[in-house]
Amino acid sequence: MAILKRDPNKKKRRWRLRHRVKPNTRPGTIIVPEKAAPTRLHATAYGPDEIVEKLDCTVAQIKKLIGKYPVLWIDAVGLKEESVIRELGELLKLHPLSLEDMSNIPQRPKIEGYPNHLFAVAHTTTYKKSLAISQVSFFAGEGFVVSWRERTNDCFDFLRKRLEVKGGTTRSSGEDYLLYALMDAVIDTYFPALESFGDKLDDLDDRVEAGHSGDIVKDIHATRHEIRLLRRIVWPLRDAVDGLMRKHDWLIGEEAIIHFRDCHDHVVQVLDALESYRDACSDVRDHYATAVSNRMNETMRFLTIISTIFIPLGFLAGLYGMNFNPEASKLNMPELNWPWGYPIALGLMGTIALGQVYYFWRRGWLGGNGEKPKNASPQQMKPPNK
Amino acid sequence: MAILKRDPNKKKRRWRLRHRVKPNTRPGTIIVPEKAAPTRLHATAYGPDEIVEKLDCTVAQIKKLIGKYPVLWIDAVGLKEESVIRELGELLKLHPLSLEDMSNIPQRPKIEGYPNHLFAVAHTTTYKKSLAISQVSFFAGEGFVVSWRERTNDCFDFLRKRLEVKGGTTRSSGEDYLLYALMDAVIDTYFPALESFGDKLDDLDDRVEAGHSGDIVKDIHATRHEIRLLRRIVWPLRDAVDGLMRKHDWLIGEEAIIHFRDCHDHVVQVLDALESYRDACSDVRDHYATAVSNRMNETMRFLTIISTIFIPLGFLAGLYGMNFNPEASKLNMPELNWPWGYPIALGLMGTIALGQVYYFWRRGWLGGNGEKPKNASPQQMKPPNK
Amino acid sequence: MAILKRDPNKKKRRWRLRHRVKPNTRPGTIIVPEKAAPTRLHATAYGPDEIVEKLDCTVAQIKKLIGKYPVLWIDAVGLKEESVIRELGELLKLHPLSLEDMSNIPQRPKIEGYPNHLFAVAHTTTYKKSLAISQVSFFAGEGFVVSWRERTNDCFDFLRKRLEVKGGTTRSSGEDYLLYALMDAVIDTYFPALESFGDKLDDLDDRVEAGHSGDIVKDIHATRHEIRLLRRIVWPLRDAVDGLMRKHDWLIGEEAIIHFRDCHDHVVQVLDALESYRDACSDVRDHYATAVSNRMNETMRFLTIISTIFIPLGFLAGLYGMNFNPEASKLNMPELNWPWGYPIALGLMGTIALGQVYYFWRRGWLGGNGEKPKNASPQQMKPPNK
Amino acid sequence: MAILKRDPNKKKRRWRLRHRVKPNTRPGTIIVPEKAAPTRLHATAYGPDEIVEKLDCTVAQIKKLIGKYPVLWIDAVGLKEESVIRELGELLKLHPLSLEDMSNIPQRPKIEGYPNHLFAVAHTTTYKKSLAISQVSFFAGEGFVVSWRERTNDCFDFLRKRLEVKGGTTRSSGEDYLLYALMDAVIDTYFPALESFGDKLDDLDDRVEAGHSGDIVKDIHATRHEIRLLRRIVWPLRDAVDGLMRKHDWLIGEEAIIHFRDCHDHVVQVLDALESYRDACSDVRDHYATAVSNRMNETMRFLTIISTIFIPLGFLAGLYGMNFNPEASKLNMPELNWPWGYPIALGLMGTIALGQVYYFWRRGWLGGNGEKPKNASPQQMKPPNK
Amino acid sequence: MAILKRDPNKKKRRWRLRHRVKPNTRPGTIIVPEKAAPTRLHATAYGPDEIVEKLDCTVAQIKKLIGKYPVLWIDAVGLKEESVIRELGELLKLHPLSLEDMSNIPQRPKIEGYPNHLFAVAHTTTYKKSLAISQVSFFAGEGFVVSWRERTNDCFDFLRKRLEVKGGTTRSSGEDYLLYALMDAVIDTYFPALESFGDKLDDLDDRVEAGHSGDIVKDIHATRHEIRLLRRIVWPLRDAVDGLMRKHDWLIGEEAIIHFRDCHDHVVQVLDALESYRDACSDVRDHYATAVSNRMNETMRFLTIISTIFIPLGFLAGLYGMNFNPEASKLNMPELNWPWGYPIALGLMGTIALGQVYYFWRRGWLGGNGEKPKNASPQQMKPPNK
């Protein structure tokens, strides 16, 4: 899948496509990604009564476990050793195209049926300051499930503990239930990310209300980008889980389907929350735009009031600063020599200023916050019988 | 379901997800929500001829009623007692996943078929100042219906009264009709919320028209948020009721289907009204934006008129305030000594001012409300034969 | 159906839901709306050769007509008499839920099959200043059609005249053709409303072009609201008519289906026109927004030109109005005593003013309408070989 | 179909619905449109070996040709003579509803099956200054095809010439291939309109880049309106052609279906181009809005620069224009009598002016085009190790 | 397909439709496009054990290879020689309509089944400064695949090398796998274009952040246009590949379907990335709009601050520049003769200026970047217990 990652550290190549196979390679070629984690295999074979765990084992050790126990779970991490990938693929007869998809990260979530196994792709997420996405692939066939994670993380630790409990549902069920339990653990990693989105939106909301504006638009866009990123890995997963329930009854039994339906329900819940967050993002942005626009309007109104009050006064002052010679004729600025000339001029100025203030007050322009009601506007004052 | 609740009281955590199960818990685990209401069971067993009601009864008392009457309705409230939930689940063979969904509020509305019962989730609403949503779960099997409400409320009181009337349709019908009647009571709680939205929109409309603007944008967004919240619990309910009519004929009979169709029709009506309200929200917002923009334009025009009238006058006043020495030469400001100098200057100023006022009047800029027709614009004055 | 009606007369409750059943009433309850019109029944029984009409008849009189003629048309108006509704329902075995829907106006358009009759809801419209919508319900079974209008209107008058003509298609066809003819008459009432929308849009267009702006935004929103209102009753009707053609062949024959297809075609035409009008609404609004924005820009440019021309001139005038004492030193404002001081100052002012006017002319800012080409902009003057 | 035509000549009734049947007419009534063109029939009967053409023939003449040749093509133009329409309908047993649709222009494109013939509606377009649309109806049954054009045009001329060539595919194929060839000729008329749209968009693009702005918004809206108009007659045609291929195998053979698939492909190409043009329209509008907004910003910045440079200077000039009496005390404006008073004042003014110019230059406000980089903004100047 | 190409070199005809058949040509006519590349055929016949390659061969030479080897691949380039197209078409019995589509570039991507061969259209892309698209058509039947490129390019070179390796999957598979390998090579050409889009968006993002603004809007639109262009050739390809897998099992075997599914997955990845880029485009545009708007607000605020500080000061200066005669009365400007008159006036001015600066600082208007927090706004200062 073409997940676009905006790398916050690197200046260049933010909207880059992550690792992908070079064009024109042969179909089914396994190409190890740069900086892949070292490959480690961990096998767990179990039935209702017994369980065998082999940490950091080899393909040869796994070969001996095949067919001995009802279910064999191979929990692999890291894509560095191409030879291990190929050997395990040959041992379990995994299709080359599915091995290519596993190693050619990132893929879109999907579930594909191959002649003798299922192949599924999903993603786990972690959220520390920003959203990190990591691919996990599943191969499931008669008696075995392989889970292969791109990088090590703790998402299957709890499941492993549950598996060790004798008499638990996982222990007494088949490979279909194990596949469900693994998928469920993957989907559980989305909820902390959802909570982080909620916290971020709360924070943005608070900052908009407090009148902060530093990087709000940037932060809103960053949050929206992460919401879209998560949505892009959850949306196809919904269809994938749905297809799993309907198309692969040779492997997935009745009871497992009821559990996968619960899985599907969780995915729909995540999508639902993402939809809500996207709307919340839009609302925060709208609030911010309104706040900015209100402040701009306030600025404009302030300018208007100060300017329009003083411009006529300034004109009057200028008028009586003219140098027409009162001695040249009686018509030339006789006011200058009136005994009450100056007080009258001051009074005129004061009257004009107060008149304007009154006019602005009537129009509701004097509201300090720029949003007062438009009191006594003409249409409001008409008699009520209209 | 991931209902996002903007808690008006708490400052922090507004866009939070409400209670949800901790990641990595075993499927089917019943986890009692914090602050859950105490659990109370109320059993009603009835047939056309007899009815037995047991208030605040125990699971053991219910066990005795099973199979004795055509229909057994267990009306439970509160999710606090995990043991009661588990015991009743075992008594009626309810699937652990359905019990988990019941206790893990909030869930999305849905109807799921389990091997020997149906499981349905819906939500009741109440509207006091803001929208409050409460989950109700239904389990329906051969001879019984369980309704389990998150919190106590009065939504089933009227149904209980109807049930007590001998000869009523509910009494003489089976568990399918009871399930319908309960769902119908739940859907009826949406209509008062719809009315409140209508009142809010009326009020917003009035405030926009009256020129108020205090918190209009905020209030519009709050209303739109609540409309979306209600829509989010009604939209999936539509599909759920539709599925119920088509897929579960082992429980739902012909006559009940006709009634569920009426139920479906009500849900569609609610969605239709929500759609209308959403459009109304957009219209109110557009009206407000137009009003704000008009006021801004009016302010700008006022500034322009005052400024452009006085700026040339001020220049003229300044011109004749210059101190060039008329005695240095005849070219230096001879106007100052003209007998009619001052009156001519005043006349010039008056002419300029009136000229501008006329120009503005012709351009239609003098309309007090900032929206007068642009009289006598060039294209209007062309001869009519064109 | 939750039709939202913006009552132009009442100040309060504009976005209200119209009459609806109180929550928690028993399913199938007939609740007469407030201000319902008095109930009147009008029966017409006919076959190819004979026709009997009974105006203002009773249910008892209708009972005698049943089964005597090939087709019985009961044309009812008004929902006031609950007893008449119930009696006629019992006579023709109409389902209680369908009678509830008929009386609980408004409903969404729909067609529902009940065990022994069809039930259809549609709406007639009239357009006098504003759009008025009135519900009409149909019940059709073996040998009868009931049409029940909320209020009296003339929409079936022409059909009644056609029915009186012996040998006409309606007379010689069955109840399916009668149902078609009634539906067709209902759909015909939408076209005058469409024409009114066209007239309104023409008028709005003219007002925008003429520069009027009084209440244009309000009127555009009102028109768009009515377009949405009509769309909301026509859109579900499309699916209803479609369902009628495909699902009810026990009542609707081959030839009638061809006619219902024509009906469906008309509904699609109405929707198509509504879509066009909605686009036209958006275009008118965009035109208006552009016109307002252009006028605002023009105002701004005017202010800029006047201000920027006079501000430097005013500064110069102020400069030579300073009172530095030329007698204190030769450096203090010697210009004041130059013989050509004043003419040089005037010339400088004139030069600055003309320079600015030339600059504005070059930038294309002097276009009276604020929209002149930006002649001779830098990139235009580059040599053509680039 | 409710094509909305904005008549450029008539002032009133631009958004009018074109000719439509009066409400409440009997189904199947043929109503001749006002200003209908006179009716002319042109019959061509042919087979692989022979061809007979009769120009301006009567229905009686056509009657004699029926059944004599493998294919009979009746090419009719004009809807004026209702009697001719009715007679030909009776001769070929055409359904009254299809004849009504043919005469009641405009209809939406569609293909309908009647008991013994197909009925299709499509539209031809011509483009001279503005888009003109004209309806053409087709009736196709065993051995005949009727094409009936609203007005005369040259769209079938080329096909007629191809028909005269002995051995051509059309001559040796049946009525299904003739129907295909006619439809293909109709669809070919859309391409010149598409080219005109392209030319108009090029022209608009040029005008926006050149800084013209006269009527650009109006012209963009007009183009978008025409794109929508064409889309409205092509979109339903796609479904119609698709239905023709899948549902009418009694008339349309295998080989003809391959050709209709090509037809369908052309329709999809037209829609694809219209989609592109619509996007191009939006882009041109966005470009224009950006250009207008940039010019506005430029104006504002110019005003700011001139005002803020001269306002402090003007204040200083005013300051030293005050008339405080230096002789009243030594504190009263001693500067006026300083020997260097005036040069110092001028120097102060110059310093303030240059300081502001430098500040504006640093902020990037002096870019002549109003879009220069914001050189040396604070965050850019931080050390690179951050 | 109607690909709209904005030709950057030609001034006119940017939104033109590329080469298309003249209206009214006979179906199946091969019309060589202007400036078509010369036709060259290159035949490769192979089986698991042997391979024969003939460069620049004739149709006659190809005729001899037919049926001799399991798979015959004819790799043709250039559409100039109509005779060669027709001859090869006759040799392999290719349908005239498919040959027309091949030569009538551009077509929309599609896969069509003809009686004895498949016909597919796809496009290769190259990206040097701008996106170039070139059509490639495929014909596949029993034992042969024809690939016909509009222009020569290197997209099949790698495949040819793989084919020469004995024992490779391609060599040992049939014509279905060859068709898959060719399609896969075509789809691989889209990834470099995707990378270029990413680079462009990075660059635009950098320029917006650095405050550049030269042609950003133009460049954003150009990038969005290219994204749409690519999307328009990839979107229909998705459906085409899907149809290939489901409908043509007479040619496409089980194992090839698994490979085509991989092909389909790549197409979906490309679409997914395009969707992301489109969102990124919108975000960059929003960022830019915000940046422009912020700069505008900053300008306005600067103007307001300078103006409102100096306008009252200027008034005061003008006031004491009035020439009222202090000698005419004691009321006339006695301040002018006060000993402390001038210092008091200066002090008054300073107080007013500082008061305003303090007011602006309190409102947060003095933030240099125009985005400082609105410190100490009223609601912030309320006691925390609220």
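In order of appearance the chains are A, B, C, D and E, and numbering begins at 1 in each one.
In this text, a contact is a pair of C-beta atoms (placed from the backbone, for glycine too) under 8 Å apart; a residue touches a chain by one contact, two chains touch by 3 or more.
Here is each chain with its UniProt name: A, B, C, D, E = Magnesium transport protein CorA.
Small disclaimer: the values here were computed from a predicted structure and weren't measured.
Trainee: In the absence of chain D, which chains stay connected to one another through touching?
Mentor: The remaining chains, counted without chain D, form one piece that is still joined by touching.
Trainee: How big is the gap, in whole Å, between where the Cα atoms of chain B centre and where those of chain E centre?
Mentor: 38
Trainee: Roughly how far is chain C from chain D, centre to centre by C-alpha average, rounded to an integer in Å?
Mentor: 24
Trainee: Counting only residues that touch at least two other chains, what does the list for chain C look like?
Mentor: Residues 300, 303, 307, 311, 314, 318, 321-323, 333 of chain C touch two or more partner chains.
Trainee: Chain touch graph shape: choose line, ring, star, complete or other and state it.
Mentor: Drawn as a graph, the chains make one closed cycle, so a ring.
Trainee: Would you mind writing out the residues of chain E in touch with chain A in their complex?
Mentor: 158-159, 162, 168-169, 181, 184-185, 188-189, 191-192, 194-195, 197-199, 201-202, 205-206, 258-259, 261-262, 265, 268-270, 272-273, 276-277, 279-280, 283, 286-287, 290, 293, 297, 300-301, 303-304, 307-308, 311-312, 314-315, 318-319, 321-325, 328-329, 331-333, 364-365, 371-374, 377, 380
Trainee: Using the touch definition from the top, list the residues of chain D that touch chain C in their complex.
Mentor: Touch list, chain D to chain C: 1-4, 11-17, 20, 23-24, 26-28, 95, 97, 100-101, 107-108, 110, 112, 114, 210-214, 217-218, 221, 224-225, 228, 232, 292, 295-296, 299-300, 302-303, 306-307, 310-311, 313-314, 317-318, 320-323, 326, 333, 335-343, 345, 368-369.
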